[in-house]
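By written order: A, B, C and D. Residues from 1 in each chain.
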């Protein structure tokens, strides 16, 4: 598995192509990409992402390993940025490869559900009105119960 | 929505980047990519994909519209190739954009499930032992019942 | 009316497309007319559960009417994706 | 033992990290020691349901033992992805 926690921007397309090229015998690849968006149209200037350096990588590895234990997967890729990001920048991506599409889809959804609520990242939105920490959603915690 | 049925190869990464760039206010993008693989290690030489030109585009548009009616989506992309493909070539991709990740995931899975069994494509595998039409799987037909 | 064949149906019948000048009332009537022609048709249409049909480029059923239809296509279950 | 704070917990307490020289038996004992120090701690720890804790970089519970622990971190529910 390929897990990267980084401040630098990355090229989603190049990563997706490289991920597909690294697989063999895996006919299905699913990617999820999270993008900074001004969802409410309240002039989002920036999103600041804080993380817990000593723990982040371990937490992501544990989630990725759990996915590999549950589904028949080729490889798993997780890239997550921290620091100050601006609207339309890519925050993070996951990619999963499997022989069959259902495994690739389920593993990607599982990774996202657990990454959302179990990996130590915190987002702060900076708008013209000030800066506010993004509140965790009950729906995100609830999403874990289905696995 | 952007639907393309073509013989030419396409660049998954470039398409994924362009799709993300075309969206606004959509924080979640899911892609699925199908790749020609020699799954059984029986020396697959080629995969020939036949389709029904007069119907294919219409069938894909109908499936994409159904996904847009069911989930809150930004955009939908489907690219599907026909003709003779070789191992490790990308056969097709779908991409979905949504404000929330669950919509993007569900719509992408829905598109794939219906595309598999309701879009007029047929695959023939050419191995050293000869050429054989890929049989439809009961599991693919069954997958439709969950939607 | 045009009749189209795809994948192994096309291979067994030997042509991708042909014109039918009479007007069968239903898909099933058309199938029976074709079956009666030659062995290659009888073989291709021997197990209808292995076949799908589209009427004017929309998936349809074997008991569907062909009134006004301009194009009927027969093919195995799809295997896209 | 190092105690780390992230996100708004860090902002309310005013430091990202500090060293504790005594050895509380459980996370809850540590929380109560901190609460007793100053208002900013009492405020940060006023609603534990809004907080999460990691002991030695693993998610843990407030009733967990701190025996042998070298690092405890407090933070709000995560919002990655």
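Everything below uses one rule, namely that a contact is a pair of C-beta atoms (placed from the backbone, for glycine too) under 8 Å apart; a residue touches a chain by one contact, two chains touch by 3 or more.
Just so we're clear, the structure is a prediction, and the values are computed from it rather than from any experiment.
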item: Common touching chains of chain C and chain B; value: none
item: Distance between chain centroids, defined by C-alpha means - chain A, chain C (Å); value: 48
item: Where chain C and chain D are represented by their mean Cα positions, the distance between them in whole Å; value: 71
item: Centre-to-centre distance between chain D and chain A (centres being mean Cα positions), rounded to whole Å; value: 26
item: Chain A, residues touching no fewer than two other chains; value: 34, 101, 112
item: Shared interface positions of chain D, touching two or more other chains; value: 81
item: Which pairs of chains touch, using the document's own definition; value: A-B, A-D, B-C
item: Chain B - residues contacting chain C, complex; value: 34, 49-52, 54-55, 58-59, 80, 91-92, 112, 115-124, 133-136, 141
item: Of all residues in chain A, those that touch chain B in their complex; value: 11-17, 20-21, 23-39, 41, 88, 90, 99, 101-102, 104-105, 108-109, 112, 143
item: Of all residues in chain D, those that touch chain A in their complex; value: 4, 6-8, 10, 54, 57-59, 71, 73, 75-81
